[in-house]
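Here come two complexes built around subunit A, the first alongside subunit B, the second alongside subunit C.
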Partner chain A sequence: MMRRLIPAPSPAWLVLPALGFILLVFGVPLFHLLRMSFNTHPPDGIYELSWSLENYVKILTDPVNLHTIRDTVLLSLITAVVTVVVAFLFAHAVWKRKGRVHLVLLAIALCPMLVSEISVIIGWRMFFPSNGFLSYALVETGLVERKVNLLGTRFAAIVGLSYISVSYCFLTILSVMNAVDRDLITASGDLGASPWHTFFRVLVPLTMGGIIGAFTQAFVFSMGIYAAVNALGPDSLWSIGYEIQRQMLSKRDWPLASAFAVVLIVLISLTVIGLHALHSRRGQRHD
Partner chain B sequence: MTERAMPGLWADRIFIALFAAYVLIPLGITALMAFSDDNIIRFPIRGWSLRWFEEFFSNRQWLTAALNSLKIAALTACLSILLAVPAAYGLSRSRKARNRLQVLLLLPLFVPAVVLGVSVAIGFGNVTLFGHALYGSSLLVACAHTLWALPLAITVLEPSFATLDRSLVEASGDLGASPLRSFLTVSLPLVSTGLVSATLFAFITSLNEFIMALFLTTRDSQTLPVLLWLSLRSSATPQLAVAAILLAASVFTAIGLAYGWYLLRRRRKRLSAPMI
Partner chain C sequence: MTPRLQLTQLHKAYGSFTAVESTDLTVGEGEFLTLLGPSGCGKTTTLRLIGGMEKPSSGRIEIKGKRVDHLPSYKRDTATVFQSGALFPHLTVAENMAYGLKMRGVPSSEIPARIARMLDVVQMGRFAARYPSEMSGGQRQRVALARAMVVEPSILLFDEPMSALDLKLKLELRSEIRRLHRELGFTAVFVTHDQSEAMTLSDRVVIMNHGRIEQSGSPVETFERPASAFVYSFLGESCQLAIDTDAGRDGSLRLANAPGAGRHLLFLRPASLRRVSPGEAQNEADARVAEVEYLGGSYRLHADAPCGRLSLDLTAPPALTPGDAVTIGWDSADATWFAAP
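Now for the complex of A and B:
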């Protein structure tokens, strides 16, 4: 029984390897990124060490760049609203069903999570163009006379974008819904509330935490995803992510790409902090 | 709950059908197009054949990319599990650690792939390890993918360890097992379902990811999704559909294998303990 005399190490220490890994592969490079954003870009190289705000000034004053930021935020907002509404309605449909149907619907809702963004892009790129499936189906059934093209529209971009975050939103909302006391819904109906009234006045307020969480998720995801926007949306629709790729890989302007990345992180953090504050204020009021 | 209490039953059913269509369209259409005999992607499909599959399996570039993908995904899964198991165990045993560290460990999950890719490329761009350049290596891509896979693995594993029956572990200690031995022979088998799920999540995350890989791979180490993204506009042949469907198929195969393992284990458990 000798080994019992050696005190077992505190379990908290076991977190250290993972923490160290994250600091090394996430923290340190992020620091490099921040430093890089203050460098300048010489015409004949990649970057030159300096401490200048040139890149940030360029991003925040150039109308093209401001346009890019506005487009990204706007598209992410619309996508987040659409995705949350769709995810909420489907979570509701899954929530009120039981048994085999419940499981099948659950599997369907989780499917998008397992599909690579690139497969999503390729799939929708075969659906939306004028020689794609949608146009063919519409012409064959006689619903339209001539071929239609929806590839390269904002609509296609939103469809692709929300496909990527819908499963996560669904899971967040469903887990909050599962915690709702079903008797409250029944009680509301028994007291004479119409189904619509029960839905909007009882179920929606009770699941508001999940709705805000899902909205945050969808917004954060959409802000960072640019491949789907670029491959499905119109050429005039720019996104911060694509601008980072273009500056980094095509123009070899690492400092500007880094500054864009910093701006993206700041925008995302501000949103998360803002929505979190909103959520906790609501929580206090209700308590 | 009665159906009458819920709004619009028919509207509800139509919505479910539309949502199912929305989810299944990209996969279904890609699967159809993969078997097209045509030279370009277009509907209606004029003939069926396996020629684009043959083309895929005889093309060196696509095969290398597919192998790279599997290699990086396997590396990511190993790395994530090695780091996630002690971390999840530690978090589940120490409330203080959980409150303070969980947010930090989950942070990379909320950072877009493009930002992670750029910062890892800048941070490790000219680092060499044992005389080999880290940039462009599978290891660096796997490390970047682990930034997403590790938080997921910890999230999946932590509840498994938290709900672990402590008395079994204590019993093994009282019977003379060292902490390490009781961890390996008692705790780990008890959380094996969580362990397999976490590995699966890490593997799939890496297999599907392509933005970080885009910034971190060279022509020789590029993954299947990266090659798909790069050839999206240059080639519009059903080859793209074949590659995309093979990617999805490998994800669903991995899930199928894990599920098969789960069923097998449950059956064996039932057989070995018929009295309970």
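Now for the complex of A and C:
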């Protein structure tokens, strides 16, 4: 048998190029961001090198900033819940059907992916105001008497945010649902469970991985997006994303903007880690 | 007495394909009935129609005299043992078994005792807290059996429950099901394509082909008095000779009781054939050896007669090579004739 002159490299080495790429493209800017968040902001400039916690103190003690954080988290949580529910129901409808109907529904579900965030925002801005499509439709059908304006409401902001992430959530849930053995659904009915019980006691638990994955996706998306919230939501609703943009571009306070970004990243990471831990504790027995 | 299950003119078509054709069937109280047939014969569709997983195109299904064909699966008093077992992977064995009881509104105070009793019956008591992924295929199938039995359905349905198991487990589970039927006396409809399962388990075997019932009867009856050429060739090994009026005119086929005019099929079991010297048996065919196989313990001789191939088993090596002439004989009582289609 031939002997190898050079020992075969361990497969772990194969991830090196990807790891290097990630370190370069994400790691370096992230490190830079972290460093920037400890600098100070002089009145007549952008930043001054130092090692100060003053930005973090400002974020975590100023009631306006705390309000912004709370609003962003709350808005993202509500959006994530709404998105997951919509995506789940749609995925379920697609999963249950076969053939042409299945394909048509699948195509509809993926439509939001074809449109960029800016187009989505412009679209909804034409849909929600008092002289927009929704208002006319409601008046024409006699559901309301006078024109209504929903632009600039939290509702509009949630709709816009959901629309942006719903297709991704749908795909995540559908892929998990496709792995569910359909015999289990049949067996549930056979044992006497109504479709309602089967849905909540069999299908939902078995797709929990997908639900949590989709929830995480929608939450992370919503936390980071600022344009949709700003353009569709009320003026009183400041998201962290909007605040970062304002500090960076209007106020030229790069250190404070960086500190906000770090807070955002930490919040998202904690949520993702928390959800992941929750799922792996639930799932370790039967995966 | 009203039968436990009655199917009347049950019909199921998918577009232009007829899966079950105007079938009538009655299953008595405590009877173990097997639907046997090749794949695509309509046996599984019949089972799914009984269980309510499919809606019939027309016809009636009655359970204990009550019409159920309009009811969805969850409102019918049937329980199924699936081929895959279909145990819920997110629930333990005990939770899997409690599921059906809860859904059928059994008081929760009764549930633990019923589960424990049934797990003992299938000898799986130690596994109550296990998840399905922590058990072997055979154990899972026992639990699936227990899960279906614990709800005490009017009819227990089996959808090829052993086809995914290896031979040893299959035989084990087979005798287990036989024991359980003896002890608990449930009424069962069992679907299989495996005739030895059907023969050993059933009170009555129903042989299906192309969506129709070919024959219904006890295992002995169907095997020994098959009603059609299909049943004969489907059950057990058979040799088939196509015989027309001219056959044997050259003296190569000597039949004691040849049928009249027209084409006929003569069916014979390998076990009833023997190697003879010419003139020794009631019926004889001259043939040429095609092949000799060693089957482990015995030898199988395949020989081509003018009207078809005959196979028989020999205990000693026959010292024949392909092409050698042999004479094969049989008794008239062992011959079964059908008119050729």
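Everything below uses one rule, namely that the second predicted complex is superposed on the first by the 263 of 287 C-alpha atoms of A that agree within 3 Å, B and C clash if a C-alpha of one lies under 4 Å from a C-alpha of the other, contacts with A are read in each partner's own complex, and residues count from 1 in each chain.
Keep in mind that, in the parts below, a contact is a pair of C-beta atoms (placed from the backbone, for glycine too) under 8 Å apart; a residue touches a chain by one contact, two chains touch by 3 or more.
Predicted model, so just to flag it, every value in this text is computed and none were measured.
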{"item": "Fit or clash - subunit C, subunit B, common subunit A", "value": "fit"}
{"item": "Subunit B versus subunit C as contact partner of A:85, first or second or both or neither", "value": "neither"}
{"item": "Which of subunit B and subunit C A:268 touches, first, second, both or neither", "value": "first"}
{"item": "Contacts of A:111 with subunit B and subunit C, given as first, second, both or neither", "value": "first"}
{"item": "Which superposed partner A:199 touches (first subunit B, second subunit C, both, neither)", "value": "first"}
{"item": "Subunit B versus subunit C, judged by how many residues of subunit A each one touches", "value": "B"}
{"item": "Subunit B versus subunit C as contact partner of A:186, first or second or both or neither", "value": "both"}
{"item": "First, second, both or neither for A:57, with subunit B first and subunit C second", "value": "neither"}
{"item": "Partner chain in contact with A:26 - subunit B first, subunit C second, else both or neither", "value": "first"}
{"item": "First, second, both or neither for A:144, with subunit B first and subunit C second", "value": "neither"}
{"item": "Closest approach of subunit C to subunit B (Cα atoms, Å)", "value": "6"}
{"item": "Where subunit A meets both subunit C and subunit B, residue numbers", "value": "186, 189, 194-195"}
{"item": "Residues of subunit B defined as touching subunit A within the complex", "value": "1-2, 4-8, 12, 15-16, 19-20, 22-27, 29-30, 33, 41-44, 82-84, 86-87, 89-94, 96-97, 101, 104-105, 107-108, 110-116, 118-124, 143-144, 146-147, 150, 154, 173, 176, 178-179, 204, 207-211, 214-215, 225, 228-229, 232, 240-241, 244-245, 247-248, 251-252, 255"}
{"item": "Subunit C contact footprint on subunit A (complex, rising order)", "value": "181, 183-184, 186-195, 197, 201-202, 205-206, 285-287"}
{"item": "Subunit A contact footprint on subunit C (complex, rising order)", "value": "51-53, 72-74, 78-80, 82-84, 86, 88-90, 99-100, 103-104, 131-133, 147, 151"}
{"item": "Touch list for subunit A against partner subunit B, complex", "value": "1, 3-4, 8, 10-15, 17-19, 21-22, 25-26, 28-33, 36, 86, 89-90, 93, 96, 105, 108-109, 111-112, 114-127, 131-133, 135-137, 159, 163, 182, 185-186, 189, 194-196, 198-199, 220, 223-227, 231, 241, 244-245, 248-249, 254, 257-258, 261, 264-265, 268, 272"}
